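Take a look at the structures below.
Below are two complexes that have subunit A in common, paired first with subunit B and then with subunit C.
Entry: the complex of A and B
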């Protein structure tokens, strides 16, 4: 006998979590299955809605003003502005005061690890003192053993973009690191625990002592985003009081602590919403209903044996090429669970552009949904009545170029989840 | 030697660097110029096979004998660049028994140790070999790092007083009174180590003799002095796998063939190759069928390749040469012998010698021949010592083994650094500064990168070939930006940015031929990291011309969120 739910969400990233919470709020009984760690650890932790138009115009100060001009088939065009706002509202509620940016519809510009500025709609509170539109001078601080963030180079690049303040950079040796090559999480752990260095002085104090010697009247100090994993607010508050300046984080590449912290918050919210969560087992296929064109069950591989999970409604939020919700081989591109149609050129040399940052077709690979986010086949016909898709598994948008990844996940996740819940 | 004759060597590949080393050791005053970075041409685009000679044991026994002799020399003088993997010539059921026997006899005749293995024995050595492989011949093939070997030759030449100029393109040969007396050079960014975005310079370099060691480019150099050098460039693809599926070189035991070799190389395996004549060594099509062919054909020997992850493909051009009048139709039939063209004898133009043809394994022997010839022309009587004197890095491995713990590196990183650096490891890694790993795929530390930057300036591709940084699974996705960081503050932000953009594009170029499955997933992750997290694509697009440089500088910061009212 198959396990039965009202709504079954496949995928545990931002889109899947949002869909599950959204469905649960309609009163539905929801289960979320996720095969592996979500890709949030790869993401900056910023919530981008739309930073540039598909034509490359931007950075956009007002993401909403540009929504109405998006091409047909773009996920935002499919769900409409209301769904984007609903997705953000749900997010704001989930993250509470750990994120900022909801006081305005305007985008913020956030300094990146390489010293560019990036438009985004919501940002962790730990990032907020770093906004590029803020006129306070900033000292950026890098750690000698942490490769990939050179503070003085980032500061010089920031100044060159014309920010309305002066940035300077400095590098300090992080105390208490015994390894030649510490992981990012090791920095966070040491700050979380704040263990004594010598004479009882903790790591936080020791770091700030070293930074103070480099300060020259700056009102804010930026660090790479390693300021605590379990207690980021406390770490930051301590650093601020020792330094007598505001402290902010600069989002970094994987593994990203802001991404991991957001993941924790989402899973807490899933628990609160009463969603049953099951991770570690991949969904490998499905069975269709004996009548009509619906999904009856999905097949979950539990250590070698295939177990059917039934539900009335399904949400596919398995991610894109990175999350393996979309797969490819030399001959083609596919959505591996339901074999939903994924449009792609037959010649794989048409999948990419010759310029590394050119207009890559692969970046837009994904399923093509109707306005209720039901994937459609090559002829535009709905593939299954009770299957909706959300997040990076959707095609027709390049989240990296547009800076729209999180926004699309929130908008389509909450939309798909709500519709799934309401249809049970 | 105050009045040492001066020689200008054109071409910074294995042959040119080998010649520069040889002549400098003989006391001549040598300058080497290379249009790109060292190994820019054919040397940097081979599969890294060190021939035992077995490959030529049927068709060309002289070459086979040269190969086994030179392989022994390189194992001796360049131990840190060579991995003695051994090789197998593998016979499938459809391959000719008679040819297998002839290969075996040829090896014997040429003094190449060869041992016949049954299919089962071969699979014991290489478990991924196909079930239906009949048998194989084991030979002493090996793998060589052409980058390191070439750079070691250049370094040795420098140690003997030579001047090495990379990014220095020859724009004209100087001909006076019917004699070549030098060349006109255009420096990409001024003489010395390269520096992005610094102005170039033109220089006349006069020399008693000029050597054209530009391989597939030799025709173009010859043309500058009005002599005809008919090189027939032939392209071939190499496809890089993300792991070493085999630890020995796998050859298919067939008379001639496209797609018949797999070479284990560092952390990867390299599949090769195709053979197609092209017009221009700089500009030829890189085609999908070539990549597909090597995977399909070699899967017959190693079925695992069918499903395995490739990380990039690259093409090289062979500098094939035929003496005028041979009229060979198929480039595969053209000899792999080398030819020394003395333009005084051949064209009545003294002062210029061209070396063409040949193969990587015998680069040192070719260099010796050319150097003998030039010394003869210049009346210098000094003997060649390159077969006896070890190259920089390869002197004493035991010293390194003892010293590795001292560098505070985790053991796999230390082991790989040691292999790369040879006996330079202590000099490079013995630092008081923090020395984190910057490229995790290949275990390359900051000290190693800074050492390479010291040698090659802002050319991160030159840093790459010295260190292997950015050559692993992520193809620079997680480390290219961190490598560029190491240029600062010695070089300014614009130079670091230009260097990053150049390396990133170069890494992208080869990956385009591997974009399916895992590598496409990796490419999307890299793209997202650099475009979404770092917002590098906007700046880079302006560099590529489709947007303007001013974009980021005309941002109206006031129009954006300045922070929550009352917030901090």
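Entry: the complex of A and C
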């Protein structure tokens, strides 16, 4: 057996990356294995801790004040406030000045692509001029042929939510694009490279010329989040100086540039921490230790052949129903790698509520851990001594309704990773 | 079956429930041939992540991208009289979309199938393009002929006026220099050296040297799939593979073999690919029965045997070959203490810095970081990853006159990263990526196996 580490982390999203970095910082030799490209590029890039209580109260101004009231079994209840703060501190350190929000424990309100306002704890610097609590009037600018953002509609909805400013919408044609169906990354690349449109005038200048004709004294201008991939700070600074106004990004759906940029930053941090990274092959099973109830190896499917990977400690960070860390079919719900217990009603008609925005049981499907994040069986007994779970694979919380997905990933990822590293 | 068909459906009063097994007659909505790709098309939820990973779409606004070429085109062509969009020929078969898709849509399989259908049904068999593609796809045949008179071939192939003529008449770009043919092919060297019998002897000696264990070994056997390029153009890579494996005590066999099929898939020549695949599967699965694993030194070859064969062919033994195929470095990492061996080793000289590029087909197998990870521990050498861009040549793609500019535009990012890296020597597992790296930067390019040979096999 030749592929062997102190700690092996399964999953390459926010929880997995955080776990791997935390484990590496204890001095452990760490490998991260992820079946596909990380799904961070599907995420908005906003770091929510808790926007609403499980009962639907909110938006919450102070997420930390609500932590102590969470029900037993909620991931935050399991790890405690210190772990939430440690996860955020690790995040703040990794992203440096590319993110804001760490000056206060309070949530910020960020306008979304659909013209709603979302409470979040940390946000990319590129969205900070767009805060909904800011009283400056805003012009929202959409690009023709960029699907998913209708600036006028977003502006109208924002005004209807009662923001303390006036928003207006406008759409402009993006220069240099010939495709009928351009990808978001294409907009970003053109802005990154700032290639000439004519007579040495670059794309950035051309965009701002077109936007200027729509401006009516607004001090800030919001664009869909496509303002650069490799050089977003430079792109935004250029647009600001040409427009003479603050520029902000409005987070968009997948594939998302803020998510991609965050992914780059996290993977650089993994590299710096000396973590060995493998993406592209799924973990499909495990072998137990011959003695005790530990995991000896996990089995990685490498395009047809199955290869064992050994470690002393394992972290399961494979995501929830969408990330396929939890799977379901008509007969039941399961955690597919270790077959950890996932509580669910036996009648699948009880998995959901009839109301689309009702209290769906499936949203809280996941493994049920002890306070060290070791998954427990139906009787509350620890399933494996050396396996911990983090992120969306955990049950007992509804990240979509609570707006707590990133915070849980950071808190449980850093907690599980540190404990895994310390136990080697 | 949808929820509505369920006999447990609560919406249906008990009295109206029929016996599903008796009454249910499935309706064939999408009549299909060999490959039913409907489940793949149905899994696509249009997140477009594949499109943002496509190196061709990145530089070519007209290219509709993998989402269209795969699931969308598959649905469109259910209609009678619908044709495959010619843009399928602009896909370079890098297969990055497979790795990007969060829903496991078999994108490259859909592209391969659509391309084959396009070439079969819509491309004129009398066109220069068809024959140019066919010759490129069947590189091995030309290489076999060329290698009989390597010096003459090298001289002719790189004659400037002749290359210009080739571009004009045949659509082969005059911008590129043809890869040189070795004066002795790997197979010639292998036979000269005594073939499998010599390898067995050397492996046995190595095992004896390493402590006497397993002097008789049934498991330390590998069958080498060298592919065309290592045979005709870079036999030094193939020789390094043999020496490194023998050093670890493996008996190497080199069975008769054809092309892996990668260039044929990429040009929609599925019949040509099927012929060679049948030979390969048959010869290699025989050896697998005798305890051999299959080793490749080119990541496109291993990708083909592992993924594309089972997706496209049904010969007996196909799955077996797929399950027993490995990249050379990967195999040693799994079965030997390669890290330990490299920890103790060093390469002589001035401390070489290598700019490493991971081929797309290594990336898709999850092998994109292994060379960097492994050589991190080796004294006397530094390996720097030059990032995740595609080299742009994609086998035969960058040889086509009309694709040359696209190919170079894709490669630009890699060239820049290489120029920024400390070293002036490149490293990669893929022979055509190596060609592109050399073409774009002028650097000499090595294969990780050559570095392993330097580090581990004493002269």
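We adopt the following convention: the second predicted complex is superposed on the first by the 423 of 424 C-alpha atoms of A that agree within 3 Å, B and C clash if a C-alpha of one lies under 4 Å from a C-alpha of the other, contacts with A are read in each partner's own complex, and residues count from 1 in each chain.
Operating definition for what follows: a residue touches a chain if its C-beta (ideal position, glycine included) is under 8 Å from a C-beta of that chain, and two chains touch if they have at least 3 such contacts.
Worth saying up front: this structure is predicted, and the values here are computed from it rather than measured.
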Touching A:73 in the superposition: subunit B (first), subunit C (second), both, neither?
neither
In the superposed arrangement, does A:189 touch subunit B (first), subunit C (second), both or neither?
second
Applying the touch criterion given at the start, work out whether A:181 contacts subunit B, subunit C, both or neither, answering first, second, both or neither.
both
Quick one: is A:303 in contact with subunit B, with subunit C, with both, or with neither? Answer first, second, both or neither.
second
Now for A:352: first (subunit B), second (subunit C), both, or neither, which partner does it touch?
first
Have a look at where A:285 lands relative to subunit B and subunit C in the superposition and call it first, second, both or neither.
neither
Check the residue A:42 against both partner chains and state whether it touches subunit B (first), subunit C (second), both, or neither.
both
Quick one: classify A:254 as touching subunit B (first), subunit C (second), both or neither.
both
Comparing subunit B and subunit C in the superposed model, the one touching more of subunit A is B
So which positions on subunit A get touched by both subunit B and subunit C?
42, 181-182, 254, 322, 330, 349
Residues of subunit B touching subunit A in the complex:
288, 292, 295, 408-410, 413, 433-438, 445-446, 478-479, 481-482, 485, 488-489, 492-493, 496-497, 504-505, 507-509, 512, 515-517, 520-521, 523-525, 527-541, 544, 546-547, 552-565, 567-568
Contact residues on subunit A for subunit C in the complex?
2-3, 36-37, 39, 41-42, 177-179, 181-186, 189, 254-255, 276-281, 302-305, 307, 322-323, 330, 349
Subunit A contact footprint on subunit C (complex, rising order):
6, 10, 47-49, 51-53, 57-58, 61-62, 64-65, 99-102, 303, 306-307, 310, 319, 322-326, 330, 332-339, 363-370, 373
Which part of subunit A faces subunit B closely enough to touch in the complex?
42-44, 48, 51-52, 56, 58-59, 61, 100-101, 103-104, 106-109, 112-119, 128-129, 131-134, 144-150, 152-153, 156-157, 160-164, 173, 180-182, 246, 251-254, 256, 320-322, 324, 327-330, 347-349, 351-352, 354-358, 360, 362-363, 399-401, 403, 405
